[in-house]
Amino acid sequence: DEKKITLGFAQVGAESAWRTANTVSIKSAAKEAGINLKFSDAQQKQENQIKAIRSYIAQKVDVIAFSPVVESGWEPVLTEAKAAGIPVILTDRSIDVKDQSLYTTMIGSDFLEEGRRAGKWLEDRYRNDAGPINIVELQGTVGSAPANDRHAGLMEVIKNDPKFKIIASQSGDFTLAGGKQVMEAFVKTYGKQMNVVYAHNDDMALGAIQAMEEAGMKPGKDVSVVSFDATHGGFQAMVAGKINVDVECSPLLGPQLMTAVKDLVAGKQLPKRIVTNETVFPQSVAAQIMPQRKY
Amino acid sequence: MKLVRTALAHPLVWPVVTLVLLTLLDLAHNSAFLSIRMLDGHLFGAPIDILNRAAPLVIVSLGTTLVIATRGIDISVGAVVAIAGAAAATVLADDPSQVGLALAAALGTGIAAGVWNGLLVAFVGMQPIIATLILMVAGRGIAQLLTGGQIIPIGAPGYLVLGDGYLASVPCSVWIALAAIAATALLVNRTALGLFIRAIGINPVATRLAGLRSASIVFGVYVFCGVASAVAGILASSNVRSADGNNAGLLLELDAILAVTLGGTSLAGGRFSLAGTVLGALIIQTLTYTTYSIGVPPEATLVVKAAVVLVVSVIQSATIRALLARHLQRVLPSARTRPIVEASE
Amino acid sequence: MAAHAILETTGVSKSFPGVRALNQVDFRLFPGEIHTLMGQNGAGKSTLINVLTGVHAHDAGEIRLDGKPVSFATPLEAEAAGIRTLYQEINLCPNLSVAENVFAGRQPKRRGAIDWKTINARAADALAALNVTLDVTRSLDAYPVAVQQMVAIARAVSVDARVLILDEPTSSLDDSEVARLFAVLRKLRESGIAILFVTHFLEQTYAVSDRITVMRNGEREGEYLAKDLPMTQLVAKMVGHEGMSERLERDVAERKAAPTGDARPFVEMRGVSRRGLMNPVDLDIAQGQIVGLAGLLGSGRTETARLLFGAEKADGGEVSIGGRRVKLRSPHDAVRHGIGYCPEDRKKEGIIADLPLRENIVLALQARRGWWRVIGRAKQREMADRYIKLLGIKARDAEQPIGLLSGGNQQKALLARWLATEPKMLILDEPTRGIDVAAKFEIMDRVLSFCAKGLAILFISSEVSEVVRVSDRIAVLRDRRKVAEVTSDAASEDHVYRLIAGGER
Amino acid sequence: MSALPSGQRRPLRERWLRPLIDPRTLPIAVTVMLFAVLFGFGSVMYTGFFSLQVLLGLLVDNSFLLIIAIGMTFVIVSGGIDLSVGAVLALTTILCAVGSERLHWPVWAIVAVVLAFGALYGAAMGALIHFLKLQPFIVTLAGMFLARGTCFLITTQSITINDPAFHAIAGFSVRAGSGSLNAGALVAIVTLFVAIYIAHYTRFGRNVYAVGGNERSALLMGLPVARTKVLVYAFSGFCSALGGLVFTLYVLSGYGLQGQGMELDAIAATVIGGTLLTGGVGYVIGSVFGVGILGTIQTLITFDGTLSSWWTRIVIGALLCAFCLLQRVIERQATRRKSDGTGAGAGAKASRKRRTEPDGGALATQGGTGEQLAG
């Protein structure tokens, strides 16, 4: 008689469609794998996640997994988990701790790498262009990890190439309305100067596309649109020729997580980093791949 | 000279001055800021954007103004905006031709939300902030429940025209906001509601003893605020052609309350100014637009916002105005200043 | 009496928008005297006090304390200089306990911490000195205005001060309480304290004061030794003419002589009660009739009125109006049936301070008409002006916020609010509180004339003599139940006093 | 005029019942009762819930919120509001992290600087509010923008603190039965006692109540209104900074997005604990239970562990609603029952005041009142 494994999972929140897809993936994978899932939503607050992890420790779950709201600040609570002998898996985002034994593995994407990929795509795209290439950036929520890293990744790549220039950068809070509103202002202020829109997620890119179209511009043609996540909406826009490239950031971590949990409970050794397969989808492949997309 | 003095004493002068200053700042940065041209048969330009964007905020702020005037507060408006958008989107997702039904659903949720808040505040006697906090927390959950946590795209043209279309070259949402302002102004000025609301806000006990059914009026004001939020929700969702249960109207309540206070209405209840509120909302929207267009770095926008809010409220302050008046008096000795009326108990 | 004034003003002026509240006022106050400030409503008495104590800054003139010019920026500074003030209207904190209100700002401490035991004990003592016994740990708003006023007095007299200023401290007190207060004041005078006192009661003035300053229209009319100034002259100096009371007496007599129409009562209360608040009361009031309620403080007069008005939901008994049974669940119901109510606590339950006089006056009428049937702006102004004239309300204009009017004028405005609804019945709870002698007669005269036209009135006043004089019948309350009802011809004042005190049934 | 018995010697039973009878303490008594009910509910529903560890965990995990709510209680009792608390908390965490990681200051210096900064920040807002007669809402909202904006200007990243002294303090804990209390919880407890002392045994504390009850009266009574109001905001700023310190210890890092919406949690906790937003009425201890109730609701939900994100919100809202409704109903019931008591007239009158408001006192109730808890 095998005891059901209990997994405590502390989710960041439900702040975006991406996150919802992530949650759905984890829940359904747990069901399939026959794992008893304790789920909690931290509403984007670190203290709530810490509380949830504490309560999982109190409930003596078998494994704890969570998507950290922020990189830092996990040492104390993870030390408690370690003391209680409960292994911890990180998903989606990494953390910054000295003692690497505080977590067993990290499954998920690397925002910095995503930013670099987008930057590389830009380099390729404008290889034969003398420039200057003016970029407007739609940042995510100020201070959030994806916003920080997607920005940093891009900068890493383009800082050596003087023809790329970020002429404006504003936060659209990862939302469609935010992206649209910022872009409306950009369109009026910079007009034809813009060559590239670099949006930190698909929602903002979609908003920006609406704003450009209303101003009579042709996104994807007059202006290149670079976006992240590769959600369903993003793909649709790509197929319609309005987004030029979408860097994937897969929310479908559920199956990998469940496998890892089972392996852990079975006593197997896990690699410190389980990388999810993520690619860059240029516009050219969009139509072909779209039917296979799950989110 | 007398004109200057009377003008300076008018409570709406400073909001107007702020608005003008912000516009000048924009102009300094981009000389074409005020230029409006025709594009595809409708007006196009930064001022139009600002008006268009400000429309939902203006409408919500109207509702909030009345609630605040009764000494209440409604922090659930953002959530109601989300629910209303989600409700409309859900209807339209089933059948894009049912625009009427979608509108009815959105307004219906607004009324229901208002009724709920109104019941808790006026008849159960909960403190308004807590009563509406309940809906603020749960409402977003309800909106997400409706959308399944997804962003639901809206494609029905009849619905989209409201927030994204044009009527006589001017955005429909601007017309709707104007209509809302006119309707509210009529409601409070041409009926006795304005008097009743002010009286309740200043002294609820005495108002009740004057024979007024205060509870019903307070209830009605919350319903009005719910409806206003629903209208804003329709405009917001229609403008971005989608309903987002989590992010639609996020923190709108703060902006609305800020608009009301910038417009000179006291949160302690009583006298209120609809025109002030509209100006307040325009200031907020212009400020947002300005930070985008003059290229304030995103990490500095909050500091800029703080500075503007502080400056606007400081120059509006009675004390500062009294100082100013005294100074004016020295400059124009013949002029007898109008002392600042001290709000007595 | 000492030769030097302790507090003195010369040529003090103060203007408010549209009103010259003080015009070149000279005033002096000597140690060891009780000095009464007299004047009609809006004469500038309270303003003078406010200027003396730093509530308002004066525009011109000089204030001297001990011969040295002073100018207080806040009441705090005046207090520090030894001037202790009891302002008009009760300015206490309703949320604090009675004891704390007495000691706020100067709580005794023990080992650095506030010593609640001492506070409670000393507050109880201070009140006992005024003949008030109550639970001092309860919050102030558990008590009616009159008790609050006693608390305010206790606060004012319980500390050593050089100057004590009392602005209408007696307006809602009855005779015995006033007597206690005066006893205390006399003792303080003995110890050399200078006392400035404002009242509208002539008898009180003569009972305690050494000196009287009369004010009229913001100016000092004159300063007199009380013993040199006959009462009739005092009134004449305040008002400018004489012989107010005769007309009232004539009206009272005329009305009482007239047959009271048909005896069918307009309002019938049968066993109306609310548990814990009021025992069952029966009361009939016919049109054109004045029924007085007499009783001690806390006897339940206000409660009776509130039950009848629906301000308090009754949980027993029934009310009929015009022969038909009605349910009075809220003031709104009562107003719809033509009842109006002037509450005793005008600041808390009466005025809407920030609204203009005009809107305060039309509020009740508008409330009855509902929000849809608006009274037009012009009509409102016309109504307001009419009542301002009728009741002699002194205000800059109808647009002045009512909170800026002098106390007595606010009271008149409240009466105007109800008269404007053309009620069938009025409940007047201390309607003449804080109203000057002349205006009091005028107001009562007006009320009587309305009564002659068929208005029914329930009249509550802490002045038994006034109740006896105007009422047709008097219901005497004691311990929250009605103990007797007497018709006014039979009712000599003494008889009512005895009933109130519980001497006979 | 001794119309009524003054009730000097009360029977013992009545003294016990008094918290339920006195309109001032009734809301708290009800809050405490309902807190117990809520906790009992969790204990019955979920295994492992009923333990000292969970109970102490409530304190440990909410210590910073508790400290902030205490400051907020003073502000609200004085008739104001402070929206800047969450942002000041975030700024404090950043200042601590910068102080220790970049400037390498000793812990004591950081603590001193940060607390002084919080108090000054609050005092500045208080001065604007009082001397320029600005609305607290707007000033503290600007204060919130400014503090949060300053965080981002300093850094948009999160900074991990590696300083061993911080780690040592964060790791400190005392055993209490089967659970343990960490430094943050201990600080919260000390703050609580100090706050109760300030509120009830110092003139400043009493002046706060007076100003909240009626500012104009307080002025005319000769109380130092200006000083009191400025100090109240200074105290709240101090508490926010202290909460920020505790939070820094909690996560050993600084980050500008920390404590988002915490102002609302603090206000909610305070109001649930029986403090009236109109000022003058409330107890520090009430806010403790307010925080406890919010924390318990959250713990219930994590223990349940089956709710989706949106159901989480709906359930939080529903529990909050059920709680507040019960609170109102019991209060009404109790005041009604009390007025049945023979002769307890004055009390009845007080309760009447509470209910005279438009059929629900929320509009401007000045009903129950604040006064010595242990007087």
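Letters are used for the chains, namely A, B, C and D, taken in the order the chains are written, and counting of residues starts over at 1 for each.
One rule holds in what follows: a contact is a pair of C-beta atoms (placed from the backbone, for glycine too) under 8 Å apart; a residue touches a chain by one contact, two chains touch by 3 or more.
Just so we're on the same page, UniProt names per chain: B = ABC transporter permease; C = Sugar ABC transporter ATP-binding protein; D = Galactofuranose ABC transporter, permease protein YjfF.
As the structure is a computational prediction, the values presented were derived from the model and not from experiment.
Using mean Cα coordinates as chain centres, the one most removed from subunit C is A. With centres set at the average Cα position, the gap from subunit A to subunit D is 36 Å. One simple way to say how far apart two chains are is to compare their mean CA positions; for subunit B (ABC transporter permease) and subunit C this gives 43 Å.
Chain centres here are Cα averages; for subunit C and subunit D they lie 40 Å apart. One finds 34 Å separating the Cα centroids of subunit A and subunit B (ABC transporter permease). Multi-chain contact residues, meaning those touching two or more other chains, occur in subunit C at positions 311, 330.
Counting only residues that touch two or more partner chains, subunit B (ABC transporter permease) has 144, 149, 203, 205, 207-208, 213, 298-299, 301, 344-345. Contact with two or more other chains is made by residues 14, 20, 23, 142-143 of subunit A.
Looking at which chains touch one another, you get A-B, A-D, B-C, B-D, C-D. Taken in their complex, subunit D has these residues touching subunit A: 48, 51, 53-54, 57, 60-61, 64, 151-152, 156-160, 162, 167, 170-171, 247, 250-261, 295, 298-299, 301-303, 305-310, 312-313. Those residues of subunit C whose C-beta lies close enough to touch subunit D in the complex are 55, 74-76, 78-79, 85, 87, 90-97, 100, 104-105, 107, 113-114, 116, 120, 131-135, 137-144, 150, 155, 174, 176-177, 274-277, 296-299, 311-312, 330, 479-480. Residues 29-30, 32-33, 39-40, 44-46, 49, 53, 144, 148-151, 153, 164, 236, 239-242, 244, 246-248, 250, 288-289, 291-293, 295, 297-299, 301 of subunit B (ABC transporter permease) are the ones touching subunit A in the complex. On the subunit A side of its complex with subunit B (ABC transporter permease), the touching residues are 14-17, 19-20, 23-24, 139, 142-143, 168-171, 173-178, 180-182, 184-186, 188-189, 203, 206-207, 210, 214-216, 233. Within the complex formed with subunit B (ABC transporter permease), the subunit C residues making contact are 16-17, 89, 309, 311, 330-332, 334-336, 341, 343, 347-355, 359, 362-364, 366-375, 401, 403-404, 417, 421.
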